[in-house]
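Heads up: the structure comes next, in structure tokens.
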Amino acid sequence: MSMVCLSDFEAYAKKYLPKIAWDYFAAGADDCTTRDENILAYKRIRFRPHMLRDVSVMDIRTKILGSEISFPVGIAPTGFHQLAWPDGEKSTARAARAMNTCYIASTYSTCTLEEISTAAPGGLRWFQLYIHRNRAASQQLVQRAEALGFQGLVLTADLPYTGKRRDDVRNGFRLPPHMKVKNLERAFEVCKMSFLDPSVTWNDIYWLQSLTRLPIIIKGILTREDAELAVKHGVQGIIVSNHGGRQLDEGPATIDALVEVVEAVRGRVEVYVDGGIRKGSDVLKALALGAKCVFIGRPALWGLAYKGEEGLQDVLKILQDEFRLSMALAG
Amino acid sequence: MSMVCLSDFEAYAKKYLPKIAWDYFAAGADDCTTRDENILAYKRIRFRPHMLRDVSVMDIRTKILGSEISFPVGIAPTGFHQLAWPDGEKSTARAARAMNTCYIASTYSTCTLEEISTAAPGGLRWFQLYIHRNRAASQQLVQRAEALGFQGLVLTADLPYTGKRRDDVRNGFRLPPHMKVKNLERAFEVCKMSFLDPSVTWNDIYWLQSLTRLPIIIKGILTREDAELAVKHGVQGIIVSNHGGRQLDEGPATIDALVEVVEAVRGRVEVYVDGGIRKGSDVLKALALGAKCVFIGRPALWGLAYKGEEGLQDVLKILQDEFRLSMALAG
Amino acid sequence: MSMVCLSDFEAYAKKYLPKIAWDYFAAGADDCTTRDENILAYKRIRFRPHMLRDVSVMDIRTKILGSEISFPVGIAPTGFHQLAWPDGEKSTARAARAMNTCYIASTYSTCTLEEISTAAPGGLRWFQLYIHRNRAASQQLVQRAEALGFQGLVLTADLPYTGKRRDDVRNGFRLPPHMKVKNLERAFEVCKMSFLDPSVTWNDIYWLQSLTRLPIIIKGILTREDAELAVKHGVQGIIVSNHGGRQLDEGPATIDALVEVVEAVRGRVEVYVDGGIRKGSDVLKALALGAKCVFIGRPALWGLAYKGEEGLQDVLKILQDEFRLSMALAG
Amino acid sequence: MSMVCLSDFEAYAKKYLPKIAWDYFAAGADDCTTRDENILAYKRIRFRPHMLRDVSVMDIRTKILGSEISFPVGIAPTGFHQLAWPDGEKSTARAARAMNTCYIASTYSTCTLEEISTAAPGGLRWFQLYIHRNRAASQQLVQRAEALGFQGLVLTADLPYTGKRRDDVRNGFRLPPHMKVKNLERAFEVCKMSFLDPSVTWNDIYWLQSLTRLPIIIKGILTREDAELAVKHGVQGIIVSNHGGRQLDEGPATIDALVEVVEAVRGRVEVYVDGGIRKGSDVLKALALGAKCVFIGRPALWGLAYKGEEGLQDVLKILQDEFRLSMALAG
């Protein structure tokens, strides 16, 4: 099996992962309309390519919140990487560092923040946070991340409750007994997530700012109104995201929402996007529409499922090559 | 078989109901374009979700014509519930009462109004009426319903003749001998329905008003012109409906028609909608577009077919949970 | 097999006709895009139904060029009816007369005009004409038709050459030896049709008018420009037609073209339409968009293939019932 | 197997060519969206046919850059014709001359320019050029072509790097050992093409003009901006092309791009188009939208694969017949 494009990794993961793990990663809310729209929306966008530009030398490096990365593709926060590969998030961290890009580690990692840091010292990492009913627990997590050298705090805003992913309900999805959500003190009960606080509001951004000097990036914004609020509350970055179509079904595709968010933000903070990136040309489209960088979720998991750290690097290299080629061909 | 969403109940009913009963419930007129459009039209509507609202407490109760229901989903009038479950409409009435919502009992029930009332005393119920050639029969029905405590009279306006449902013609559909349309004196001949009066006009609303003090809700309105006429003739409510796509094929989807009816009515009477509701997010869309409440037809029958009263409650609970989750996720 | 709708007759004909005959009747030009568009375009048109109109009595009779027909559906000219039923056009003529509607007999009939007349004396019939290189032959045909009591002359304008119907080429389609295009003196070579005159222009309408006192209806008009020319040249009627999608592929669907033709004609001559009529509601749509009457082509052949005269009557009766029901349900 | 339309040749080639050759010819970049869009975009364009024009005599000859061709369809440059037929480009040249049309020979021919010239003396031919890192090699090729009587120089502008054609990567596509890219001195390594110069810019047009008196046609233009630049740099013709969807995926279909290019050019140079031509009516559409002539790529290869020179003539004859018929039927 030759791994030529990201779909090859998807096919591999679907074939070799346990069904319950594949279903969990693949799941979308309800009818999976938004999950699929994230991809279809990219296909509806057309390039206007220009010819006979000198494309012999191209610099694809960029900076996000001041840190240079080798190309504008980072790793979005997703949970439970040990479901994809035994070493879990440690492999993810190593691959991201090897490719010189940014990895957003999830609260729901199956490795501790400390293990992740130790696995790939010096890598650029942000930490993704859910605010818990027990605010002290959240505070402790933020401060651990800061102390370990994470350089950004990503607040997920679209999960007051977990979306309805039918296959997970059917499968009675839960982590196998030998895996743990190690960043949380007590054993984690996946399907309930009852410690998430649905009463979180924009004012909690101020509370977070009081806890840490890390820049705050808000993830899950889909409208100009919320983008305006995010800027007003002093965040440093926005990730346009619909949680991979796993939360509210039948909202906008992220690449479509990106346009209105970028317009509302008017350059005051950096805007990123995740969801539906499957080809280097998707990255180019997102950048052309105003994103500073994109993040990949499921494709990173497919890479892990294929060959751990090495597989994820393969995925990133393919995206990098395709991105560079698209830039050249689009002039 | 785990029952996670309404489609699971549909699959169950299709598998376990006698073909002739399934076909009757599933039937749409002609090419079934409108039946299917009712569902597709919901999928075309996109949310604009807002984040970081306090969604820890949500009140999903509402009032229809002054009566409180636990959430804005009622049971639309459909005929022949014994085809789905031996206890027929008695089970329906019990499930609706248990869930504290409104049940619109059909003229074409296989239980009498009295049986329905006795089965679930105190439940909120409306009575659905066709006007017959024999006006005295209609008058008697209305007055029975009023005496039994039904709290609304739903006049179906879109059935001067029965639509052409090809499978019913092919199957030679008729009720099995042991079932009867008990509310009508003489044995009921399904396929002819020749006692329906196709000469009914808007003036007959005045006649109905002279018979009863019950509020009159007109069902089957799809245009602003008819909505205006309904208001002018003094009805208390409008159900935007195309009879589940069983009458005129290739008219508008109900969720599309809702918009123009709500606009025409300008709040003067309550507007409801039925047809195509399959998920809690569909309910939220209908409410966002101006409906006070929605009614479900086929899904209620699937619930009955699954486990009678209990199955219908399952259907309603799923819709309730999904509706609440959609509200939270949409902010 | 119960014959409930026109598709049932189509399925029957496809199953029981010799492949070469089925292919010939079903054929569209090139990719059959226009043939299929004729049907799809009807599906895109939506009714705005109105309720509570008195629809107890409906008069569906109409007049075309002064002659009353029982409902606004006639038989379009199609060739070679003996391929569908042994009695060929004689059966067609009898069915049309029995249903009191108009039958347009084709030049390419497998019965003579005299046989057709004799089979159903007194029926309303028009004669369809191609202009031949040998004008004398055309003149003789016109005068025979007039003498036999045909009441209209339909000039087909869209066949200067025969369209490319791939299956006919593959099948090497030609009439079986025992069938003849009897209206033409010499044996007929189907695939060449080399006696058609591609140099015919609008001026030939004047020539036709000089030959006959019959009203002239021009068939094959699809644009406002040609409609204007038709009126200017003194025709009495226009049939909006694309020859069932058998001539130029990827032109407009007839129901779409009807709108602009009706607008251009502004009531100065009668406008009809053929192509894509499969349900009574299609007839209603065509009338609502300005057609005085529609004509059916392939469905008539399917009726013949099913049971000859009787089968064609079945087809017409179904359309009539469906048309009447649609009218009632649309208010 | 009767060869009635171009799809028949496609089916034949798919069946009888070695998979690696078929895949190479069929390949599109990435998801093949643009390759397929080239065809779909033609289907979205509708004719407005006019009737009763005298179409008994039609002249379908045209001139491109002053040379008459028998009808407005030429052979686009494609590589490696020996993969389709042993005689390779010699057969192509003979077929083009027999049909009196223009053949654009590719740099990546498996025959030398001299062999091509000798095979069909007197045929109208243009030479397609990529600019190499080694400019002397390119210069030598241009001057050989001019000396051999090629009458135009086609500069391909959309291949600074080769597009990503997944199947070719999977197949490890390379020429069989007995075939060579004979026009280049050293053995050709297909997948690298590293001798292509990605630093080529518009200024290199001036360099080309200094080398030759041949008219220069630029191939690969898709936007009005580039069309304007092309005119400004003094080219004689533009081929609107996306390289058959083999370079940047998800750019515009060529027939859509043609419209804006024609508009920008305002008749100052001739505009041609390739990509997606499968029927004579496609040719007519392209001409109606402003193309002076179209070029076919894959269909020519299918013709070669069928019967070499004779097969390609069959393809051209079918297009010619269909084009003539479309013109007649569209009036």
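When the chains are written out, they are named A, B, C and D in that same order, and each has its own residue count from 1.
Rule of thumb we're sticking to: a contact is a pair of C-beta atoms (placed from the backbone, for glycine too) under 8 Å apart; a residue touches a chain by one contact, two chains touch by 3 or more.
It should be emphasised that the depicted structure is a prediction, and the values quoted were computed from it without experimental measurement.
Q: Under the document's definition of touching, what chains do chain A and chain D have as common neighbours?
A: Expected: no chain.
Q: Taking all residue numbers at the chain B/chain C interface, are over half used by both copies (same) or under half (different)?
A: Mostly different residues: under half of the interface numbers shared.
Q: Taking mean CA positions as centres, which chain lies farthest from chain B?
A: D
Q: Between chain B and chain C, what's the gap in Å when you average each chain's C-alpha atoms?
A: Centre-to-centre distance between chain B and chain C: 43 Å.
Q: Rounded to the nearest whole Å, what is the centre-to-centre distance of chain B and chain D, using the mean of the C-alpha atoms as each centre?
A: Centre-to-centre distance between chain B and chain D: 61 Å.
Q: If a residue has to touch 2 or more other chains to count, which residues of chain C qualify?
A: As it turns out, chain C has no residue touching two or more other chains.
Q: Provide the residue numbers of chain C that touch chain B in the complex, in ascending order.
A: Chain C reaches chain B through residues 2, 4-5, 43, 45-56, 279, 281, 321-322, 325-326, 328-330.
Q: Would you tell me which residues of chain A are touching chain B in their complex?
A: Within the complex, chain A contacts chain B at residues 30-31, 33, 157-158, 160-161, 163-164, 166, 169-170, 197-202, 204-205, 218, 220-223, 225-226, 229, 242, 247-252.
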